[in-house]
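Chain IDs A, B and C follow the sequence of writing; residue 1 opens each chain.
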Amino acid sequence: MMSINIVIRFDNFLVKKYLLWFLFCYLNSGIIQAEPIRLATTTSTDNSGLLREIIPHFEQKTGNVVHVLSVATGHALRLGQDGNVDVVLVHAPNAEMHWVEAGYGVNRRSVMVNDFVILGPENDPAGIRRERNAVKTLQKIARGKHIFVSRGDDSGTHKKEMALWEKTRMKPSVTWYRETGQGMGRVLQMADELNAYTISDRGTWLVLRSKLSLKLLFEGDPELHNPYSIIAVNPSRYPGINYMGAMSLIAWLTSVDGQNQIRKFKLDGQSLFFPSAILD
Amino acid sequence: MNGLLLTTQQALQLLFTGDPELWSIVLLSFSVSLKAILLTTPFAFLVSFALSHGKFPGIRIILAIFNSLLSVPTVVIGLFLYVLLTRQGPFGDLRLLFTQTAMIIGQMILCFPTLVALGYAAIQAADRRVWETARTLGAPPWFSMLTVFFEVRFALLAAVLTGFGRIISEIGISMMIGGNIMGYTRNITTAIAMETSKGEFAQGIALGLVLLLLSFLLTALLSYLQGHKEFAA
Amino acid sequence: MNEPLLVFREIEKSFSGSQILCGVDLSLYPGKCILLSGKNGVGKTILLKIIAGLEIPDLAKIEISGKTNSWEKAVRSVRKEIIYLHQHPIMFSSTVESNVAYGLRFASLNRKQRRESVDEALEWAGLTDVAKKQAKTLSGGVQQRVAFTRAWILKPKVLLLDEPMANMDHESREQTYQLLVRMKSAGMSLVITSHFMQYFEGIVDQHFQLKNGALELKSKS
């Protein structure tokens, strides 16, 4: 039971002044920084680890700092529309085109392509392994009423899935179709738990496949192509936007160097993204 | 069960080998929350004191408002701030969205009612004679207030610890207006949310352990202070 | 009698509906001691606190060297010369020394002068032995002396003491009595509230009783 005998020496004004000055400097230490480039991208893109691998090359080369916000596709475009980021990297071609047409973005460039895959339980009750056509696999799943887990969150993956369901001319029913509103990683886990089918981007699949009992059952149909584009936010809409930074990033990503970096990136031994900016 | 043990093992490994990314996340949590609490405390306690000693109308109402704000969900604050800070919003020109500064501001708003309410309770519990003695011995009002603070310092410290506990474990604000940017606005809670959504539990658990440990420490400190208060006459 | 230091006039105060003080007048003379008696809760403490500037009266006037001013205008300058001592004084959470030195912080003295002043005061009150002890751990009687010393060191013109000898043993009462005598001879004006007139025999110059909101003169020496 020792009470501390502190004799408050407030008459020592120098000490007070020094402490206040130090506090002020410490609190402000974060502010003196170069202006960052804010990139909004999708969770699946970010989760693959590609950006973490290649962005530092860009940062070193140009001395820029890139802040990556990883959100759902819809949210990424919204962030760009609201001027809260400088550049977006997404994989939803229809949405992108509408976005640019609406005047929210400029200088849309193709960056890379990967694909979606359809996963399911090892024993494949719907028998989609031998299929050659993505639409037909979904039809088989629907007919057999096998559980299918969906993103349900307006992401690029989800939009692709919806486009495919359109083509099947079948409407998924709540009895076997699970709309989760969750990220890709979670959805894969849930599909794993439920021994269900799902559609996923290859990147997330490669990251998680060692932890799951799900198997890759279908791939390769051009329908499952997943093209990525980068778009700068329209600078005329927001004067303070880091347009130069955005264009610098776009320039690098679509340059020979950037494209090579993308090509070199491997996940679990596999190449994941195929550069598409420069046609050779 | 095996998977859980393995994951926990990996988590502990990450923690003790000083995985730089992990520890930069932890550091960020502390940096943001410490700044927020340090900036808020003096002003909050001033308000507490005014409410305790003041004789203006509406004190009861103000107190009721602060008490009701004690358990506002953090996402609500986060959302509210997002609307204010977004480019098109009233404070968009400040370009604070997705910065540490914004997170600090958000957490300041979060802990302010807690500090005021608990500070008020502490000061109310103080012996009125402390203030009177200080004043009659010639201390100006500001120093008399500090004297009162000193006499209830343990209760005030408990208020600060409680406020700190609340803000370091919040996610609603950090996620919405921080943006979970790696190396910049990614703190413990947003990292846990992200890692689990990716299915990467090891990192999530490691961070969760840090947070758990911290909350144990805070609780222990608070109990110690409680006991101390009863001893000091 | 000589000139009064201060005269308080027409003090009025009501508390939760009832009128505690209705037009109280009190003159304070240097080196003189006033005893205030009255039932518990009649308003003695409130009166003292108003004089000390710790409570706000509904109405009051202060007369200094013949000039009268409203309480609001004069209280700020008057407050500095008056110190109020609680019945059970509260000790700050620090040493006896530190408690005694508290008020000196705002006097314009340098560190050496402060040190001397504190040492002198501790000796005056016989507290040198316990100077470094935590004030809160000491007995009630010693704490009372610390409180006196805390006030005395500031050399106020007026000292207001609320029931100073309540709950004291004989020895403490003796010591307190001696301190009061010395304060009086140093020229301080004392106002004491108490039920026990017998304890203050020999130092009281005027005895008033507070009854029905007014002061009744009981005796004068």
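Heads up, the rule we're going with is that a contact is a pair of C-beta atoms (placed from the backbone, for glycine too) under 8 Å apart; a residue touches a chain by one contact, two chains touch by 3 or more.
Being a predicted model, the structure only gives us computed values, none of them experimental.
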Original post:
Looking at C-alpha means, what's the farthest chain from subunit B?
Top reply: C
Subject >> Distance-to-centre winner among chains (Cα means, whole assembly as reference) >> reply: B
Original post:
Using CA atom averages as chain centres, what separation in Å is found between subunit A and subunit B?
Top reply: 31
**OP:** Please compute the C-alpha centroid of subunit B, do the same for subunit C, then give the distance between them in whole Å.
**Re:** 44
Original post:
In whole angstrom, how far does the Cα centroid of subunit A sit from the Cα centroid of subunit C?
Top reply: 75
Original post:
In subunit B, what residues contact two or more other chains?
Top reply: 143, 150, 232
Original post:
Considering subunit A alone, which of its residues make contact with at least two other chains?
Top reply: 3, 6, 10
Original post:
Where in subunit C do residues touch two or more other chains at once?
Top reply: 93, 105, 136
**OP:** Please name which positions on subunit B make contact with subunit A in the complex.
**Re:** 35, 38-39, 86-88, 92-93, 95, 97-98, 100-101, 143, 146, 150, 179-182, 184, 194, 196-200, 228, 231-232
Original post:
Can you list the residues on subunit B that touch subunit C in the complex?
Top reply: 127, 129-130, 132-140, 143, 147, 150-151, 232-233
**OP:** Would you mind writing out the residues of subunit C in touch with subunit B in their complex?
**Re:** 49, 52-54, 79-80, 82-84, 86, 88-90, 92-93, 102-103, 105-107, 136-137, 150-151, 154
Original post:
What part of subunit A is in contact with subunit B in the complex they form?
Top reply: 1, 3, 6, 8, 10, 23, 27, 30-31, 36, 38, 43, 47, 52, 67-70, 82-85, 182-183, 185-186, 188-189, 204, 207-208, 211, 238, 240
